[in-house]
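Just dropping this structure here.
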Amino acid sequence: MRPSKRAPDELRKVTLERAVARYAEGSCLVKFGDTHVLCTASLEERGPAWLRGTGKGWVTAEYAMLPRATLERTRREVNAGKPSGRTQEIQRLIGRSLRAVVDLTAIGERQIVVDCDVLQADGGTRTAAITGAWVALHDCLTWMKARDMLKGPALKDHVAAISCGIYNGTPVLDLDYAEDSAAETDANFVVTGTGGLVEVQGTAEGRPFSEEELLSLLRLARLGTTKLVDLQKMAVM
Amino acid sequence: MRPSKRAPDELRKVTLERAVARYAEGSCLVKFGDTHVLCTASLEERGPAWLRGTGKGWVTAEYAMLPRATLERTRREVNAGKPSGRTQEIQRLIGRSLRAVVDLTAIGERQIVVDCDVLQADGGTRTAAITGAWVALHDCLTWMKARDMLKGPALKDHVAAISCGIYNGTPVLDLDYAEDSAAETDANFVVTGTGGLVEVQGTAEGRPFSEEELLSLLRLARLGTTKLVDLQKMAVM
Amino acid sequence: MRPSKRAPDELRKVTLERAVARYAEGSCLVKFGDTHVLCTASLEERGPAWLRGTGKGWVTAEYAMLPRATLERTRREVNAGKPSGRTQEIQRLIGRSLRAVVDLTAIGERQIVVDCDVLQADGGTRTAAITGAWVALHDCLTWMKARDMLKGPALKDHVAAISCGIYNGTPVLDLDYAEDSAAETDANFVVTGTGGLVEVQGTAEGRPFSEEELLSLLRLARLGTTKLVDLQKMAVM
Amino acid sequence: MRPSKRAPDELRKVTLERAVARYAEGSCLVKFGDTHVLCTASLEERGPAWLRGTGKGWVTAEYAMLPRATLERTRREVNAGKPSGRTQEIQRLIGRSLRAVVDLTAIGERQIVVDCDVLQADGGTRTAAITGAWVALHDCLTWMKARDMLKGPALKDHVAAISCGIYNGTPVLDLDYAEDSAAETDANFVVTGTGGLVEVQGTAEGRPFSEEELLSLLRLARLGTTKLVDLQKMAVM
Amino acid sequence: MRPSKRAPDELRKVTLERAVARYAEGSCLVKFGDTHVLCTASLEERGPAWLRGTGKGWVTAEYAMLPRATLERTRREVNAGKPSGRTQEIQRLIGRSLRAVVDLTAIGERQIVVDCDVLQADGGTRTAAITGAWVALHDCLTWMKARDMLKGPALKDHVAAISCGIYNGTPVLDLDYAEDSAAETDANFVVTGTGGLVEVQGTAEGRPFSEEELLSLLRLARLGTTKLVDLQKMAVM
Amino acid sequence: MRPSKRAPDELRKVTLERAVARYAEGSCLVKFGDTHVLCTASLEERGPAWLRGTGKGWVTAEYAMLPRATLERTRREVNAGKPSGRTQEIQRLIGRSLRAVVDLTAIGERQIVVDCDVLQADGGTRTAAITGAWVALHDCLTWMKARDMLKGPALKDHVAAISCGIYNGTPVLDLDYAEDSAAETDANFVVTGTGGLVEVQGTAEGRPFSEEELLSLLRLARLGTTKLVDLQKMAVM
């Protein structure tokens, strides 16, 4: 039995609220149950220096948590001089996931920065962030299209992400914090709308896992991301 | 005529929404028009080292803005190693304002950290933060009282803050961003529920200002903070 | 009775010694009693990047204390990677105060950096710094004029600053360290030669203060800054 | 055809040289072709603070590259104040991989730090590091056992790692730098001696990959890590 | 001919003014011509952690320059996060030089910090600093003795320092900035009152130097430090 | 008797192995007994900004130790934000030593960075580094010459370095760690192939030293560096 009483293949209640930030070109408040992430997409006229002259743009992401998003207050990273290793790992993952579905040539030598700020954290913040970031990015690209700033179709596909894990010996979908901290194996999957894999990250927390277990988690993840992509479609309709 | 069409002594629409953060001991989402600040109060069992053995506790504040709270995206301070001078100035001001109405002996050798995170910024973020922080602090102290953690009444008074300025030659209340960036003189006032002054900060942006102008701003500020304190009273009723 | 036996409206002995630094374009060693600040004005041929092409220059200030300026040795800020919040607050205040009396167009696209280094601290270092910085700036502008570097009169007025406070229930002028650490209310005023207010900063250290108290402090400050401006006039004669 | 002319399932020449560092409790110079990593295991009598009183120890890893390990010189990270995101990601991965095969209770409240310093880099530095780090760790534990410092068998299994990728449409084993920079999909696998999966990280560099592709990479990885574990066995015989 | 018209073996005018800092236990403003360094000695009741339990104390030094001590303004090091290599080299040299003449056991488990702040720089700041630091240290030890804080005679000898160099082919004593920047060889000597060598640092700026040249510089240095020690004796009489 | 049983004027076994790094333009693994330093010379097409337009190039050095080069593990400096004072002192010394024998005009507006990474440390790492760095630099210049990148003969002479000290009252050559930590006086000498002195650094660790002692150390150093230069000659033959 899962702490939340959900079935093994049951997502938390997911909502995607668009246009929540007055100034951003695109924005989305995504909720996976009690995990809430505010995603904003900001268009910057200057792309990164290393792309100058290539005609290509860039999509990047930043991730942070409010100090009291968590059960216990977490210290702000501002005093550390650099984001923590975990923060950097996550923002690199979000950026790669979004770039996998964007035609960087279509956006020209510009940069889109997607900020994912966790307002409340109950597990799965990185996967919620990717799922919501896609919506913010979508709206930013729509905004650009309306201003004739795109050289062609820029968004090639949907992308969504979900965590899975082996909890009490059973593979389960969409871990919340209570499950995440007790899971034997923890995996994150980033999947496109057409079912392609963008990123697979499986980690044994306790004993090593088998190929069969990896596959059962992958099967759950496909189920979950299919639903998330449906929700994205409804959100941007 | 003010850009927002408000009368010179008219506040923006102010709302104070309590209990918006699941984990914090106290929280408040304060809105002054399009300025939105999420305030959370976190109780920490350990007070600061320099108060050890005194029987007294501490109330401190931290302040930050989400990168796309602003018209143009602002870079995160995390990479700078320390909050900017402006950020430090503001969080010191919020902390002083709250401590002015708290009996630090009543809370014992503990610390309450009030985080003020600006979700959206349209001028007056520091005054909105102080006004909302009081509500979050109030609820944190109520939480503590319910658990018999206070040695006596801890909250001595209300405290609220408002900005005023001279815009196009006229003293006006509660500057929004459009006014703030064009004002000749800009002043922030922190006032208690009983009308005492906690902080007065007036700055000439262009030509120096006169004593009469300072007094007319102070008069407006009293009007504004009286209304803000009324809203606080309704919020915590 | 004040610890120093001064009358409530009595300044400490103030001296302004010019041309104390061999290499600086302008310099002044200002003493407010035992508070000693070395101010140097340095002309830099390059103004800040964000003013390029505007024809305007900039005046900025930096502030620091020698480690043993204080009763107890203070650690150098060099190891912290950034000036403390207090230091930044003060140097921003000095810069704003000086810019209030300078025509930035007259100096062209250059920058004047005024360094205020506290050799000895007995309270009121920021107000002494502003008062002395004006002299250093004056001499730097004279130096520039002698070399035909100004596009017109650059110095519009004097500017001086003083602290006041309520000590043992009485409003007093020019707090020294003993008074400053015991004052109930502490206020700094920056005033021009023609009596205009550039900055008013009042803070309740203990109980909140009233409008009447603010006004009595302002009255004292006017007395003090009038005398300081007279001393500046004599110094640069 | 691979640039190195290797068969798709062919490892580079791998050597594991033990006892290469005079002072370390365990050490190994691992070479995967032109990728050379010096691994040292250092025993520290003090475990991390958060394990005090639990009777458990810790194994952690640090990773760095010499500036001219690479084709072009890379700047030292020392000036950046913190390891880069990539460095942190790698050293967290090495640490997790080693801890998966160590009984942390057996080593008591101590810490073993495994340093992996890349002397020369031709792709696959993190997987070479994990494979060599196991040997250094093995020797450190043997050193401890000889001094009666272990509470029981501490090393539960072997652990080795290898990268695979899809290069020119073909799944290949053990990417060198030339392949790595051109691969469509890149995956790292950490596998124990008994075939358990400790970590699976697959990333689409270009188009997303399919489940079948993931499985074919996994099959190659098993082949490779089986050989690496054999080499470890011979090395520590 | 030297730019200053001094004879090759002629020091600049040297003065040592004691008790210039109101709060420090010992202080000295040392001038070598236009090089002015303010030295303060501060007693700290806590010695460094690594001496705890040994009964021994420590003497350390810090060195810095005011931004406009130099011909052109130098940026403050505060923003760099750590003193520059040059600053660290100098403050380590000053500390070693002072410790060579102090009995660290006599001062008990305390620390004396000697701050050397260059108010004006015309070459030879480090040697002036050492010479003046000895006076500040002397007075700090006298202050301690008067309070019965010493376990025996703490100051074993004088120590003074001077720079020499080969300028236009001629060995000269006490280089000023004009000579220093043109010298072919530059050497600093730290010498005790009884003529012992504490530190010899010779550097070829252009062509390498010979043993004979090194010896002629050493001879000049002895002349200079003998005079400096005489001045120290007069200063503390 | 020396701990290593060497005669007072006996070097440790010194080897200079060239071309040890696959990618560097020049490289040398230098061993002075158990002190092992990997030196690589990297050619960078861009010289430092302050030499632009002068036609001159630059040679600089960086120095670091692997964490377990030492008896006890040393923490990496990466987390400190800047190299330690000791590290900076050493890398400045290596750079100065190399520049003393290079014609900076001959290499054009380019930069050669010599990295000296200590793999194992048993005293004398900086002198080993200088001696090996010369070989790496030599090979880098040969590489450049072969590509017609030099405007003339760039390498003017050999340069080598050795430490000497007074150990148990006797002057000895080439201190190892056991001697270094117990020596009364410690000196480093950098000497060219033609016997010129580039750098002399003598430090009294305990009692001050005399002129005679300095000279006896210098005599030993000449003996040592003559042999080191012979080894360099053989190495690059």
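Chains here go by letter, A, B, C, D, E and F, matching the order in which they are written, and residues are numbered from 1 within each.
As a working rule, a residue touches a chain if its C-beta (ideal position, glycine included) is under 8 Å from a C-beta of that chain, and two chains touch if they have at least 3 such contacts.
Owing to the predicted nature of the structure, the values given are computational and were not obtained by experimental measurement.
*Asks:* What is the touch distance from subunit A to subunit D, in steps?
*Replies:* Tracing touching chains, the least step count from subunit A to subunit D comes to 1.
*Asks:* Treat touching chains as neighbours: how many steps, at the fewest, connect subunit A to subunit E?
*Replies:* Minimum number of steps from subunit A to subunit E: 3.
*Asks:* What whole-Å value do you get for the distance between subunit C and subunit E if each is reduced to the mean of its CA atoms?
*Replies:* So the centroids are 33 Å from each other.
*Asks:* Centre to centre, by mean C-alpha position, how many angstrom separate subunit A and subunit F?
*Replies:* 51
*Asks:* Could you work out how far the Cα centre of subunit B sits from that of subunit F, in whole Å?
*Replies:* Here the centre of subunit F sits 59 Å away from the centre of subunit B.
*Asks:* Which residues does subunit A have that touch at least 2 chains other than itself?
*Replies:* Where subunit A meets two or more other chains at a single residue, that happens at 80-83.
*Asks:* Could you list the chains in ring order, beginning with subunit A and heading to subunit B next?
*Replies:* A, B, C, E, F, D
*Asks:* Across the complex, what residues on subunit E touch subunit C?
*Replies:* Residues of subunit E touching subunit C: 21-24, 27, 34, 38, 40, 42, 44, 62, 64, 66-73, 76-83, 113, 115, 117, 119-120, 122.
*Asks:* For a test of understanding, state which residues of subunit C touch subunit B in their complex under the given definition.
*Replies:* Residues 80-85, 88-89, 91-92, 96, 100, 187, 191-192, 194, 196-204, 207-211, 214, 218 of subunit C touch subunit B in their complex.
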